[in-house]
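Working notes for the structure below.
In order of appearance the chains are A, B, C and D, and numbering begins at 1 in each one.
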Amino acid sequence: MPGNSFGQLFRITTFGESHGAGIGVVIDGCPAGLEIDTEAVQQELNRRRPGQSEITSPRNEKDEVEFLSGLFEGKSTGAPLAMFIRNQDQRPGDYRHLQEGWRPGHADFTYDQKYGFRDHRGGGRSSARETAARVMAGAVAKQLLAKQHIHIAAYVSSVADIHVQAPYTSLDLSTTESTMVRCPEADTAARMIQLIEKVRDEGDTVGGIITCVAFGAPAGLGEPVFHKLQADLAGAMLSINAAKGFEIGSGFKGTEMRGSQHNDQFAAEVDPAGHPRFRTLTNHSGGIQGGISNGADIVFRVAFKPVSTLLQTQESVDKEGKTVNLEGKGRHDPCVLPRAVPIVEAMCALVLTDHLLLNRNARV
Amino acid sequence: MPGNSFGQLFRITTFGESHGAGIGVVIDGCPAGLEIDTEAVQQELNRRRPGQSEITSPRNEKDEVEFLSGLFEGKSTGAPLAMFIRNQDQRPGDYRHLQEGWRPGHADFTYDQKYGFRDHRGGGRSSARETAARVMAGAVAKQLLAKQHIHIAAYVSSVADIHVQAPYTSLDLSTTESTMVRCPEADTAARMIQLIEKVRDEGDTVGGIITCVAFGAPAGLGEPVFHKLQADLAGAMLSINAAKGFEIGSGFKGTEMRGSQHNDQFAAEVDPAGHPRFRTLTNHSGGIQGGISNGADIVFRVAFKPVSTLLQTQESVDKEGKTVNLEGKGRHDPCVLPRAVPIVEAMCALVLTDHLLLNRNARV
Amino acid sequence: MPGNSFGQLFRITTFGESHGAGIGVVIDGCPAGLEIDTEAVQQELNRRRPGQSEITSPRNEKDEVEFLSGLFEGKSTGAPLAMFIRNQDQRPGDYRHLQEGWRPGHADFTYDQKYGFRDHRGGGRSSARETAARVMAGAVAKQLLAKQHIHIAAYVSSVADIHVQAPYTSLDLSTTESTMVRCPEADTAARMIQLIEKVRDEGDTVGGIITCVAFGAPAGLGEPVFHKLQADLAGAMLSINAAKGFEIGSGFKGTEMRGSQHNDQFAAEVDPAGHPRFRTLTNHSGGIQGGISNGADIVFRVAFKPVSTLLQTQESVDKEGKTVNLEGKGRHDPCVLPRAVPIVEAMCALVLTDHLLLNRNARV
Amino acid sequence: MPGNSFGQLFRITTFGESHGAGIGVVIDGCPAGLEIDTEAVQQELNRRRPGQSEITSPRNEKDEVEFLSGLFEGKSTGAPLAMFIRNQDQRPGDYRHLQEGWRPGHADFTYDQKYGFRDHRGGGRSSARETAARVMAGAVAKQLLAKQHIHIAAYVSSVADIHVQAPYTSLDLSTTESTMVRCPEADTAARMIQLIEKVRDEGDTVGGIITCVAFGAPAGLGEPVFHKLQADLAGAMLSINAAKGFEIGSGFKGTEMRGSQHNDQFAAEVDPAGHPRFRTLTNHSGGIQGGISNGADIVFRVAFKPVSTLLQTQESVDKEGKTVNLEGKGRHDPCVLPRAVPIVEAMCALVLTDHLLLNRNARV
């Protein structure tokens, strides 16, 4: 299957370029009868759109979603749900100089190698603008998850070497949106913003880490062997532009623990009806054991490299092998993290929704 | 699609349990005309098999591969290649006590939740014995890659807090197999072995990190948007038992760099025929840009948690919610890392082979 | 995978309803570098559109295609090609009465049963208007096939009991478009038109058979076992609205032959370069043996039932089980065959294109 | 996806050749908790095996199934169910002469063209022996369907020009197995057998038609647009060796009806609980409308060409283009129909099972 679809039963296909007609997505497999809050889809897009704050790209796209199909009297019909946003604030002239040399850290060189040529306007299909399609689809997935009382909350847990110190369980995640850097630890957020502004003024960029938590997922999601829940999450996250790493639960740090420390001990309580209810006393596993959710919070982290587009002159080469100097132009983000928060949430929502549907067939 | 298949064009389906008839794999999509070195497949299995050294599980499985189909006069015919290894050293009695309580860190609880019951003998399908199927398939994939001069080498780069210090470019990876811990830095290997033996004697276990490098991959592998090469690698790696994290190139550490440091500058040389040849002066990207290989070494790291099976008594609960004490019994590895090296290589080989075939359709 | 995608490597996803915003398709997997003749896409749509002649539905849709993505300077880029046509001549009022009873022969009842409710405007997703999306995608596929000198020609070979008598090899298929019924045997065409007009005036409808021939397909297309070329063609054809049967080569009549008559004997010629060139002396196989094309013409026939929408009053029931009388209203075709010709060709083109790409991986 | 898998959620992958180690199948996606009657699987194999009667191939294969995985204490566990039968009565010597010339009507030529060479022993992968794998998988599917009160019955409705005259509704399908030709109309069966014996004695072969009925399927199975139930059935049937045609309901004959005759009128009854219950007064649709089952019997017919292997000398050519005479040798069926009955049922069972699982996600 070609690369522009994601998911098995709740399956999305995205299309569009940063400087073409627009960006769209088709969801195939949304169960019928879901009341779709189209305004909520728009709000998720607003969280991702450029120009939303002083620390994001000044490109000014309204990103207004149009529903092209699949809705009837406000409900999903079982038919494909197509959504589209027309591009508006295009300035292809900004990119004319990019015909020449390959921008370091970008997909210019590899697209040329793979396809023989490329749409050089703003990166074409490799532009992060493509992620708007994911956010639209993810917004629908979130509504389906909400009916099962599953909620997803991501936040920026580090920018460069400024890290949130508290575990997520000590944070008030409802405050994430209150800072423009989407970090729920107020003083850390302030330092992050300060750093991003400094870096922006230097024409440089900076990376960081997003932590994502899914609350309320029932035990049983995930398909052995190759579609373990963490495998699908990892694939989803590493498909996001600029993502360089993924870890679930204890992650890389867990490699330094002993098994006797790392194992999450099971405990049982009795619910009001007299039935046993199970949980683990710790959550090093990140809510997934043997590839299947265990009912605990699903917790993972995603690393993002610093944005490749600089407002500095960079040396590169062109197709003929000649050295060229690329001027830093265009409108870009000094730090992708704040706008990546809704993208991480969207991809998480898509994975969980897909597994919710897959899991309906676990038993006879 | 259910969870026991992997890959799109070079597609494997695995089956079998640790304590059933055996473990098998079907490869569908192996191009015709590949001379298959069946002995090389066996050798890869030998690298994974238990009982191979003093620091691995004493379970003694010969793991002899039988080719069930797809070969004619030593060559692949285009038909499915099925391989099977019969289980031999089974002692289901060892696991009878596991009917009762859920082992911490294992899939016992989640399988019960998902399926309503489980094959409790040695973990059934969730056993790491399933990875033998991947190693067989990966061994065939490696032979296909070798024809394109692509070679994969993984090694243990950390055990607990003992880390290889040198970058892979300073190591002699041909020495990896010479130590039983599969670490090519001799003195570090010795310390790792010492630690594993100590931990084993305490009935405890320990985790670590595997670094994997693919040499010789051409530019162009990887499919935007959702099947970026790093996305498929991440999904592949996180599908391995006990894997908790993945990072490509600069990974998590790269989040602390500035864009101006992180960007890999392009350079051009002239080849003997007078054509320009391109490379990057650094490789923070890990050989992949925009989801597509750029011709540089593909470098990634995989985190493995400490093995969950301890030779210590652990407290747990049973289905009725009663507290049970699980005795540490059975034959298990104090550290999974040495045996995971061929598994990581196999999954990497499967991903690259799949993308080699996908890439044949990149252009008209 | 949900039901709105078709193909594996040249993969289309369609969306849209007859009375929503419009009808669209995304092609994922079109190789890069194909010069796309957008005008030719429009012409194929014109062959399918209603209102094109006196024997088709008077619904007047211009069906103007807009390319939303995937093109750069006239060429495919390797990114998804999205095409969209906005609906214009909608009269949902025409369908208000359909809220009540289930139209016989339509999908009203089954959609209600499956989804719990339905978009009753003009059949919603079950409308044959959906096939416009297939025609757009098929038009692109045809261009890719043309580069390999593969051409597809379908024609109406029967309407009710009026059958073309000559085999396709005795017909001039270039004349198919010259009659409004798309039958290349002039006198038969005249009788077909006469019948359709008579039936239309009675408020009734009529079915028929389309014969389709693919010229120039090389030997080797088709994937054993489940994706035999005829299997994929059969699945493609039976996915078209109103299709009730498929036969390849000798088809149902061949069941009455002896093996000694039916077997196509091989013969060899010597080409100008002195190499042997093979063909079969007869073509009962329809160009496919063992599921794989043999280089001969690929010939198949598709049966279409009479259109279900009548301009007569029909008795039915509603959800409560009450008898209702459905008046014959709306704008429909007395015979779907002429407009189905480009649809059959499109689906054939999609199957062949997919298999062309799949076949690139047949050998090492 | 390569061609040896079938189904989306109840997904089978088959492997093996007629003259290799054996024939196998892996079912991935069988829900957990299904009690598997392994003896019933064997009985289905017995219905397909050669040597079962005087009018089938004298090749004597016991075809004993071994379950390799996926069962625990008699129940499916959710893990892949692998089944295997070892080949026993192989006489590869019988086929040595086939190295030379291409057998007419067989896959010899096309496999050579596609793959560059072929396993010439008994057709290798193109042998109808492959269908044993489908029968094993179908036997499991039938058990899953039986739990939903869905039953499938196929029978031979014609051999050459000898046709069953009565509609299936007038036949006692429980008598199908009582004649060795699997035709439930006793006198017609006798004439069929007589013809087959005559043709066999002439060294010739004969084709025919199988009618298949699925009883008890609920309304709602089938996925618009490309996975309409009849589309998946058509693809399934045309993937069977020697199948040349498929028709659902009124099929090709229905093309000669008027819409006013063809439309199946809806009627309502009141069930004991006072709820309306719906049915159609006729069943020209074959139980499927708009691609979705309507609760009526699902009825279709499959055309099979006469077997290509004759016990007569046939002229052909070899790779060099030289004329060769192929002697009629080996052990083959004069008529494939009786043994194809369980294969048609198996493929029907696989399609329905897959759609049962898919349909679980039709609604929120």
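Points worth noting:
Convention: contacts are C-beta pairs under 8 Å (C-beta built on N, C-alpha and C of every residue); 3 or more make two chains touch, one makes a residue touch a chain.
Here the structure is a predicted model, which means the values were calculated and not measured.
Of all the chains, the one whose CA centre sits at the greatest distance from that of chain D is A.
At the interface between chain B and chain D, over half of the residue numbers appear on both sides, which makes the contact a same-residue one. C-beta contact counts were set side by side for B-C and A-B; A-B has more.
Remark: chain B and chain C have CA centroids separated by 46 Å (rounded to whole angstrom).
Per-chain CA centroids place chain B at a distance of 39 Å from chain D.
Between the CA-based centres of chain A and chain B the separation comes to 26 Å, rounded to the whole angstrom. Shared interface positions of chain D, defined as residues touching 2 or more other chains, are 1-5, 8-9, 14, 29, 32-33, 78-79, 111, 114-116, 125, 224, 362-363. On chain B, the positions that touch chain C within their shared complex are 1, 9, 29, 31-34, 76, 78-79, 144, 147, 224, 357, 360-364.
On the side of chain C, the complex with chain A involves touching residues 1-5, 8-9, 11, 13-17, 20-22, 24, 26, 28-29, 32-33, 66-72, 75, 77-82, 84, 111, 114-119, 124-125. By the touch rule above, chain B contacts chain A in their complex via residues 1-6, 8, 14, 101-102, 104-107, 109-111, 113-116, 125-126, 130, 158, 160-161, 199, 204-209, 219-220, 222-228, 230-239, 241, 243-252, 254-270, 276-278, 280, 284-286, 288-295, 303-310, 312, 314-317, 319-323, 359, 362-363.
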